[in-house]
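Here the structure is laid out as structure tokens; the discussion comes afterwards.
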Amino acid sequence: MFTHEHEEIRRTTERYIEEQVNPHVLEWEKAGVFPAHELFKGLGDLGLLGITKPEEYGGLGLDYSYQVAFAQSLGRMTCGGIPMAVGVQTDMATPALARYGSDELKRDFLAPAIAGDQVACIGVSEPGAGSDVAGITTTAKRDGDDYIINGQKMWITNGTQGDWVCLLCVTGGPNDDKGKHTNKSLIVVPLDAPGVNRETKLDKLGQRSSDTAIIFFDNVRVPARNLIGEEGQGFTYQMQQFQEERLFLAASILEAMQRVFDDTVAYTRERKAFGRGVIDNQYVQFTLAELATELEAARALTYQATSDLVAGRDVTLNASMAKLKTSRLARQLTDTCLQFWGGQGYMAESTTAQFYRDLRLHSIGGGADEIMLQIIAKRLDLRSL
Amino acid sequence: MFTHEHEEIRRTTERYIEEQVNPHVLEWEKAGVFPAHELFKGLGDLGLLGITKPEEYGGLGLDYSYQVAFAQSLGRMTCGGIPMAVGVQTDMATPALARYGSDELKRDFLAPAIAGDQVACIGVSEPGAGSDVAGITTTAKRDGDDYIINGQKMWITNGTQGDWVCLLCVTGGPNDDKGKHTNKSLIVVPLDAPGVNRETKLDKLGQRSSDTAIIFFDNVRVPARNLIGEEGQGFTYQMQQFQEERLFLAASILEAMQRVFDDTVAYTRERKAFGRGVIDNQYVQFTLAELATELEAARALTYQATSDLVAGRDVTLNASMAKLKTSRLARQLTDTCLQFWGGQGYMAESTTAQFYRDLRLHSIGGGADEIMLQIIAKRLDLRSL
Amino acid sequence: MQFTTEHDALRDTIARFVDGEINPYVEAWEEAQQFPSHALFKKMGDLGLLGIHKPEAYGGMGLDYSYAMVAAEELGRIKCGGVPMAIGVQTDMATPALARYGSDALRREFLAPAIAGDQVAAIGVSEPQAGSDVAQLKTTARKEGDDYVINGSKMWITNGMKADWICLLANTSDGPAHKNKSLIVVPLDTPGVERARKLHKLGMWSSDTAQLFFDDVRVPQRNRIGNEGMGFTMQMQQFQEERIFAAASALKGLENIVQATIEYTSDRQTFGMPILHNQVVHFRLAELQTEIEALRSLTYRCCERYIADPNDKGVLQLASMAKLKTGRLVREVTDACLQYWGGQGYMWEAEVARAFRDTRLVSIGGGADEVMLGIICKTMGILPGQRG
Amino acid sequence: MQFTTEHDALRDTIARFVDGEINPYVEAWEEAQQFPSHALFKKMGDLGLLGIHKPEAYGGMGLDYSYAMVAAEELGRIKCGGVPMAIGVQTDMATPALARYGSDALRREFLAPAIAGDQVAAIGVSEPQAGSDVAQLKTTARKEGDDYVINGSKMWITNGMKADWICLLANTSDGPAHKNKSLIVVPLDTPGVERARKLHKLGMWSSDTAQLFFDDVRVPQRNRIGNEGMGFTMQMQQFQEERIFAAASALKGLENIVQATIEYTSDRQTFGMPILHNQVVHFRLAELQTEIEALRSLTYRCCERYIADPNDKGVLQLASMAKLKTGRLVREVTDACLQYWGGQGYMWEAEVARAFRDTRLVSIGGGADEVMLGIICKTMGILPGQRG
């Protein structure tokens, strides 16, 4: 599936990471935030923030396999927070805008996001509705040519730095079982608009270099032309947009897992206990071999979903499986590797300990494992007839 | 990877299975043997026993992806024993012969095996050496133009019916740590030769429709031209031959697992407990969704190993991973599905119970899981330097 | 749990009995797909082993439940799962309610001969359409004069082809599912009883399992155990001992499999050394033994509390936990050990292959794992509807 | 295990102490990455809680180990892992050998103030190059006149930044690794001791952990505990109580996490119902609680046998099994529960996130899981070389 054009993207990305990201990660981890504008500008200049986006807005217009190659390379960062932040920009906040936004809206918001001039957020989760997307209650009321927005959004990645948010909100109709899938819209909301408050930076278990905020909307007024596509279609657009999100998330941690694995091999090769290298214990060898097998399986599954997507097939099932499998594996792999590092792995500075904390989010964010299971069960029609 | 030529092979295979195999499986299971000559002749007439073999000996000369398609379709049989028996014919007893045998030897033994006129066995395991191939002790001593063979072979699939065995034996040199990889040869031994005794049919936990024998060799004389390739290269050839074997084994149980899964979905949809379909229990749904995910991952891993093999890469690592993953999953999947059948699943006639017994062999035969782990650990160089 | 010399003596008696009267014949019984229930139970009855914690008035030993548990544990020496299960049906599944709630006459007629080993008992709960979902069973016992007239069918009945009587759970009225059932002792030579087919199972071959049909079977109402309508409740109580039995009787078998695997893998050489020398093998066996000890500890603790107070609500939770963990652990241990026997373990008659087939039933029979989970949830108060 | 009203009274005392004197400050201590060891230990000492099973002659209560185990279990109420660990170092890791083998003078000088809470103790075994592999440690104590002169470094020392003395394991001769070591009490204000750095850890933040350097540190030989060369053996014995402590002190914390998760998921609504109503959620919690009860039963049984006979060889096996299962189970429970809290559980200060970080140490510290597996193998006689 991968050609040398893909390799080119990988090389570019990885060079940038080695030079511009990894040397600063520890400092950003400590600060609880990374300089999103600076970093995104760098990526934007290299064309990496619009790989699959239309060329007329600055994108490269390539198919999704190139994005998967890019996502994989992001896994080379020595933390889990920043790849996630980049993914928000490329695969969570912008796919619906690119697909359904008006030309004007795309010039205003998509083009600068691709260029790296603006930082985007995706506003779906709320304090009362994390995985339960249909249950959100933030409203956008039509008032003349404007919408007036009220509510709050939770767990917003890039939230303290973002320039705008792709906001899912209720624009009308009943919010009951019947209406909740057709009463929502996606609206682009600039985060410097009066009435936006986003001071609460969340203090997380992991992904600490990525800022996460609660954002409050108190009578925030935006022009009605900021609506993406049609009113009432927001839930549907968001569900579509989740496909890229899931595939991105799956791809983005493959290399992180590989790094933890490789680092652990290197450490256990060097570290001696009971008169031999830790790795010379058959128990360690076999456990690592088993993890390598699962990692290959997760990688193969992600690639397969990617080629299905590129071939134009619906990958709701496959992408959900890939997201589920990679997330579960990340917990098992980082936990097991940490074990083989012993006390060194328990030090806060250890990369393994960091990925243990950082990747733990993947089973929760972007649709928890249980949501993936629900989707898979639904797609396979696992119910009595 | 799969084209409509692959589909054609699948269709042919599956039609044959529906018509000629599945209706008789229960009877053969009871008898502890299936009519190998009759069945193989049928497959041979359809060209299915030589898919990847050279055309000059009756094969189709296709690449290995076609064989994987065929192996997958064998998984449609309602038992695990016969696919294994077919695999012995196509991917265990004949690859080395096809690759290194003299023209004469191939005309005598390969061509009839491809045609389905003869049934082949592979003779590696011994009572004292199952997974430990280098440790075998059966000898072939040169005597003029003949070899004289002494020893015994264990767990020989097709053993009571086979016409010849591709026999791994010690032909000379020291059988110590240094010499054990260069003192062996592969020799084709007709099983009607005087001195061959194969009366002991083994009574197995599963795969009961496939006959498995202990074969004793007591001064069995075969012409020296029955040697495959060069003397002393047997261990190496056998290791190569294992690549196909492993990939075949992985591919051959994907559909069997799918069948158990599908049957379980169908049963739990119908079966009521506590006022609703068993499948309407979220616990059942999620467990099945998780199994489906693992099955997709195993399938993706097997496909990836296949395209690597077709592309000419060494797949020792990948094929071993695929064999390991499918074997482990088969245990988990059949055990879990059996659980959801409750008492019905515990009945001896239940297909799920049968696959629970039949597929259990895959973690043991063709290189146990632990051997796969050893190979993977070795390929990844998991040891201190 | 403190064991006394009396416990040890009981263990010895059973061990000797198993080694002398059972294990030498297991192969033959497995092949025959049955064992001589009457002959074997008579021998056990003569030694008092079928009534360890039953009242002395009916021939029992009148000991506390710790002795019954020790006995169950020691029955785990039997080299198959079918025979101990059949014994357990006699001692801990078909008779506890009868012993506790049966009238004196009923106990003289049925309990005493079951304890003496003169009669073989069965327990009749499961039906073709109601396995774990006991409340949904369809068999009815309609009153007619002084009799009940029974109609219906029972499935998966251990000892079913040979039993003299069955402790039958049937609907005796149309009320709510938990209050319309009664336990009735039904002699199986009564007209209208048909033992339809011996079921062919994945494992547990030495134990015969039947489907029974009841077609206008008439028994006197005095065969009812305790009050009418209390059957479901009594059966739930009776399940408690069944579950402790299931856990206790699994322990020694598991340990024997681990030990046999240690013996085999220390003899068997591969790659120039005993299989046991592989770190992954001995570590795995240590991990399995750890779980076996945890299960043993849980079973002992449950039993201890049951003896201290049979109505302790915590016992229901602990007994269900022990049963659940038993079901899960037997699958793990037998599968893992079979692996290390390689091809030898895959032989039909291999001890480990038999354990693999036999013990697979534990997670299914006597309340499936999922039913145990439901009960545990209930005792924790976390089922939907139990909290605000 | 039969508990008395005295056990219950002790539980109450500790529960009140934890709720009043510890839990209200945990957040602050976590943030400060330390807790006021001396002040807290003094309060505990005043209540007698630091010498429950220590001899009365030195200020202890002289109770049997079941009281210490109950105390450990109750310390699990503390809403973090660091503080109970620090207490455990004082009561069950640094002092058992001193209490058992120390001279009267040594016990007056160091044990009595540790029991009174006037001094804070540490245990010095691990080194940068020898964590679980104790026999390989490099620190030496060379005899010079009536003194030992100590050189080397100790790593991962709990209480290390504040302790008054350390129970140090050092090589006192060149003999074989299991016979050349001694335990020596070293006051940490002795010249030549450097507390080099407070280690920054993944979890256990309220507990300070240090690396210590010893550069020609001189202590009198009478500070040695018991006979020279017996240090390794005494330490192995001392590990036994450490392991029972580790298991016992984990139980209540696990249970609290499960309970808190039940509370949270029954409040929190998704898809129109409480999260707890999802069958996969309540079944999973039931499964976790089952394993917690199994671990509790194993720990009790181990403790019971330890009290009955402290030299019972089976205790080493059971204590190692309990430690192993604790390490495995805390990872499973905290990870599974965190999942059901979703984003809330991923907050740094969330109770479940703290438990996830803190308890991850159990599988690593005090003998890693793999070391436990090795010991269990040894007690089963299945290590290479132990059998023909």
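Odds and ends about this structure:
Per-chain numbering from 1; labels A, B, C and D assigned in written order.
As a convention for this text, a contact is a pair of C-beta atoms (placed from the backbone, for glycine too) under 8 Å apart; a residue touches a chain by one contact, two chains touch by 3 or more.
Nothing here was measured: the structure is a model prediction, and the numbers come from that model.
Counting C-beta pairs in contact across A-C and across B-C shows that the higher total falls to B-C.
Chain centres were defined as the mean of their Cα atoms; on that basis the chain farthest from subunit A turns out to be C. Our note on geometry: subunit A versus subunit C, Cα centroid distance of 52 Å, whole angstroms.
Centre-to-centre separation of subunit A and subunit D, using mean CA positions: 40 Å.
Centre-to-centre separation of subunit A and subunit B, using mean CA positions: 42 Å. Annotation for subunit D: residues 278, 280, 283, 370, 373 touch two or more other chains. Contacts with at least two other chains are made by residues 281, 283, 286, 370, 373 of subunit A.
Here subunit D touches subunit C in the complex through residues 1, 262, 266, 273-274, 276-277, 282-283, 285-287, 289-291, 293-298, 300-301, 304, 317-318, 321, 324-325, 370, 373-374, 376-377, 380, 382-384, 387-388, going by the rule given at the top. Across the complex, subunit A meets subunit B through its residues 265, 268-270, 276-277, 279-280, 284-286, 288-290, 292-294, 296-298, 300-301, 303-304, 318, 321, 324-325, 370, 373-374, 376-377, 380, 382-385. Contact residues on subunit C toward subunit A in their complex (touch as defined above): 278-280, 283.
In the complex of the two chains, the subunit A residues touching subunit C come out as 281-283, 286.
Residues 125, 128-132, 134-135, 154-155, 177, 202-206, 272-275, 281, 283, 331, 335, 338-339, 342-343, 345-350, 353, 356-357, 360-361, 363-365, 368-370, 373 of subunit A are the ones touching subunit D in the complex.
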